[in-house]
Amino acid sequence: MSAPTTTVGISDEVRELADQEYQYGFSTDLETEVAPKGLSEDIIRLISAKKNEPEWLLDWRLKAYRHWITLTPPTWQHVSYGPVDYQDIIYYADPRPKKQVTSMDEVDPELRAMFDKLGISLGEQERLSGVAVDAIVDSVSVATTFKDKLAEVGVIFCSFSEAVQEHPDLVRKYLGSVVPYNDNFFACLNSAVFTDGSFCYIPKGVHCPMELSTYFRINAADTGQFERTLIIAEEGAYVSYLEGCTAPVRDKNQLHAAVVELVALEDAQIKYSTVQNWYPGDADGNGGVYNFVTKRGMASGKNAKISWTQVETGSAITWKYPGVILKGDNSVGEFYSVALTARRQQADTGSKMVHIGKNTKSTIISKAISAGHGQNTYRGLVDIRHSAVGARNFTQCDSLLIGKDSGAHTLPYIDVKNQTGQVEHEASTSKIGEEQLLYCRQRGIPEEEAVSMIVNGFCREVFKMLPMEFAVEAQKLLTVSLEGSVG
Amino acid sequence: MLKIKELHASIENKEILRGVNLDLKAGEVHAIMGPNGSGKSTLASVLIGRDGYDVSGSVTYEGQDLLALSPEERAAAGVFLAFQHPVEIPGVGNMYFMRTALNSLRRQRGQEELDAVDFLALAQERMKLVEMDQTFMSRSVNEGFSGGEKKRNEILQMAILEPKLAILDETDSGLDIDALRVVASGVNALRSEGRTMLVITHHQRLLDYIVPDFVHVMAAGQIVHSGDKDLALELEANGYAGLTPRSARVGASV
Amino acid sequence: MTAEKVPVRAAGGVLADLSPKRDGHDLGWLAEARLNALEWVGKNGFPSRKDEDWKYTALDEILAVPFVAAGAGPGRRATLDLINKAAIDLGGPRLVFVNGHFSPEFSRLTGLPSGAVVTTLAAVLATSPDRLKPFLGHTPGEHHAFAAFNDVFAEDGAFIHLTNDTIVDDPIQLVFFSETEGVPLMTSPRSVIIADSGSRATIVETYAGFPGDVYCTNVVTEVVLAENARIEHYKVQNEPTTAFHLALLEVRQARNSQFASRSVMLGSSVARHEIRVLLGGVEAEVSLDGIYLPQGEQVHDNTIFVDHVAANCTSHQLYKGVLDDHGHGVFNGHIMVRHGADGTDANQKNKNLLLSDRAQVDTRPRLEIYTDDVKCTHGAAVGQMDDEALLYLRTRGLPLESARGLLVYAFVQEMVDRIELEPLRASLEALVSTRFGTAAHRAQQ
């Protein structure tokens, strides 16, 4: 079957395809804009056609799909979960709001309580809960204002789908250049089926005039299951990008397999911050999001700098290793992470720093907190290749344990193939300080508050890397996530 | 104000306090002296509610059973300990810590909380007492503080939290003479009618600066001697061994 | 010839000897255990780089050699002189094994207190084989094919049993010397050390061989420490660079026991020293130190697993590597703290110095912790020689070579200093300083 023609809407071929699917027992109503469950080449063609994609992109997706079907899910990560039925997932659904409630009274009280604790404004609460209010109209106009401001300096910031239509050459040039379609099981799946995401392009010498958070957060309510983000900073450009939000996001989709690719050319700098608070599952570990993400940056030019900061408190399982390929001479890679696992959450996260260019430098600071039955694994790679003369890495991984059933694991991999490389890895794991707790309580601070204070102090090095407003929210988030873990 | 009766405390089946009796009235300054291992610091620990001790006997503080309260409830009731070894809390700002502590106390006492501006004004005023400057406040709690800075920080907290019962555990240890003078004058400035102090030390030196109303000598987990400030001088001259028993409760092991 | 088939062929030659009876004793369980082990290898094959614990050490080189299991009988070229050169005589009891088999003519079993039984595995197999059931009779496959292979072939080695409160003052020396007559040999020494309650001893294992000979030492040493026992274990691996060395030191510790291991890895083409320690009783302590100095094309792999099962145990690891030429070093240290192992104090440290542009190191310190009342740290560092220090020494008149040698020696000296046995320390100091003082670098320049 050839690729569908470019008309949007329902082409004959898609109709035909849908009919075919129906024969196999699926029911498809194209008017509802939901594809049948399961994954096949036909579904990928459907996605591509729906999105009106050029042929090269369809080919790329198909190549990924054909490779993916030869792969088996990885088992080396230090997490356990039941098998995922990849044929039981709907790979395409119209991203428009589905279920709407008419007032906050209909929203889950537990969720509302959390919103209040986090200090999220009513408007935002309504938006996040999908309450149909006029505020949405306001958001759109605000967003448009931002967009105009960005356009003035030549920054392209749009949805991935829009970029495919408006800037196909840029997308084609960079898509898969950092995370190839066959990189790993989940990245490969994402390459085949990704539906949307963000695209950002900062032209040569431009210092992006705002944090790309505000705009993003207004539009981020429905990110989808297989998100794809591509950020390109041309020579000398700078951008700070913020993903996610502190508000607890419930999602009926259990599996999330996103891919983020960053490209920094000579003297360019990308700062990418994430706050992840997907639904972690209930106290017994039921439900909760599987967050299997591939994030990588390519510091391809001289003096390029890529910095990842993440605060991971949500998801039943977090599995991600934001990394930097330090290809350009003197390029810099950084990774600052706070990962908290409470209840029955599991996280296997860390960073990969691959030193190729001369005098490349990387820093990894990881703070892990395990409470309840939470299991937290730092896994990181520092790879100093033979060409990386004068490369340096410093890694510090600290773990804090709260409760007998919690676990913390530190598994660094350090490979050095150049005699001038200097690598230093330090890690410590201990229980939350009893003397510190007593000290705080002696001064009158109740135990739970004291725990939160000590944990926030423990994470301070990472929080200070976040944009100011976000750091404050992240601290609150940590406090809320720890509630009930003490005692 | 504080009545300790037949207080016993043991840790891992080792008895450290073996029947301590003490009676402190409002506004009095009591000093407890004694050699290392006599149980002085354990007494302080038990009074503030440190975990891990098996305790018997009674401690009545302003009419209530102190031993039944959690550490933070004791703090709210006005009990303060200047720690012998104040712990470092990395990443937690000193100013933020003190404001949180004060507001926790105020909240527990049903008082209105202080906002950042009001607190700063209060802190700045009290910092003068211990000759501390603003830079201390922006550092993490005790982190990287010298021995003397840590002790000054303890006294500053005492000045801000305004306890009714202040226990000073070896506040003079590790201080040079200048630092000792600063700390002691801070403490003296905080002496008042309604504030009782229990000063634990094994050097008479501190008592030259903080002159107590009563001096008690502790040995092998008991108060073996009580007297006025001259007792400290006697100790200085003759050592603990040179004391003649005056108390009926002198333990056989002394 | 495929890699998998080679050692199995070697095994075939020995299989005929695995008759169920030996010297009138019923060895049915042993024959069965050996067969089980062999079958396990057949089924599971050899570890490959896909196995996490073998990720960095390729075995192709070993598996490509058609080894034959070494038979009994003294080698023809081994002399007392050679053996004394390979392992400095510490003056106490000394058991010498040639190709894994006991050589009474080179050995000495004097100066032992009455509570110490120091003999050979072969002797115990001949007289009271059931004593070995807990060691040789276990199901293989807990670890890997080479350990299982030792189960198949092991016939001799040291057997040391210290009864309650026995203290052996002199170090007990175990010397494993290998030589071949052209046919590549696989030797499979198996030693068992049992330290009953309150006993104490120092064991020194040395591995060496005839330069130029191709062989593989596939050794397993098991140490069991009862309450309050103390064992200090030294290992000097100085096999020729034509040889291979695969070792497993397995230690089980009861309450309040203390075990220390100090390993010096100098020789072999590919060498892997694996230590597994089970801290099964409360308040047990273990400390593991090592240096590895691969040069030329050598691969030195230190794999360590410390399993904190009981509460209030302490473990320390410090490994230092100096890597020269195309030398490749691996540190793979794993600390496991099980649920319930409260009060654990564990740390591990690995430091490496790269001297050449083609040297390589892979370091992987791992902490896996399932309870909260712990104090665990680990650190790994890779660096190069301090240029400032080098310059300083040169301004004081030291030639570049000597200055470099001095700094390298300073790096490992801390480890050598930990060796409490004076004559052994002196001999190792000489070995290490010779290596860095002159020869290696002059050849390289």
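By letter and in written order, the chains are A, B and C; residue numbering begins at 1 in each of them.
As a convention for this text, a contact is a pair of C-beta atoms (placed from the backbone, for glycine too) under 8 Å apart; a residue touches a chain by one contact, two chains touch by 3 or more.
The shown structure was predicted, so the numbers you read here are calculated from the model rather than taken from an experiment.
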**Fill in**
Label-sorted list of chains bordering both chain B and chain C is A
**Asked** From the centre of chain C, which chain's CA centre is farthest?
**Response** B
**Request:** Would you mind checking which chain's mean C-alpha position lies nearest the centre of all protein C-alpha atoms?
**Result:** A
**Message:** Using Cα averages as centroids, what's the distance between chain B and chain C in whole Å?
**Reply:** 56
**Item:** Distance from chain C to chain A - Cα centre to Cα centre, in angstrom
**Value:** 45
**Mean-CA-position distance for chain B and chain A (Å)** = 50
**Complete:** chain B contacts chain A in the complex at 48-51, 70-72, 74-76, 80-81, 83, 86-87, 89-92, 97-98, 100-102, 104-105, 108, 140-141, 157, 161
**Asked** Which chain C residues qualify as touching chain A in the complex?
**Response** 52, 56, 339, 342, 352, 354-384
**Message:** Quick check on the complex: what are the chain A residues that touch chain C?
**Reply:** 76, 370, 384, 386, 399, 401-432
**Request:** Would you pull the chain A residues touching chain B in the complex into a rising list?
**Result:** 433-436, 438-447, 449, 453-454, 456-461
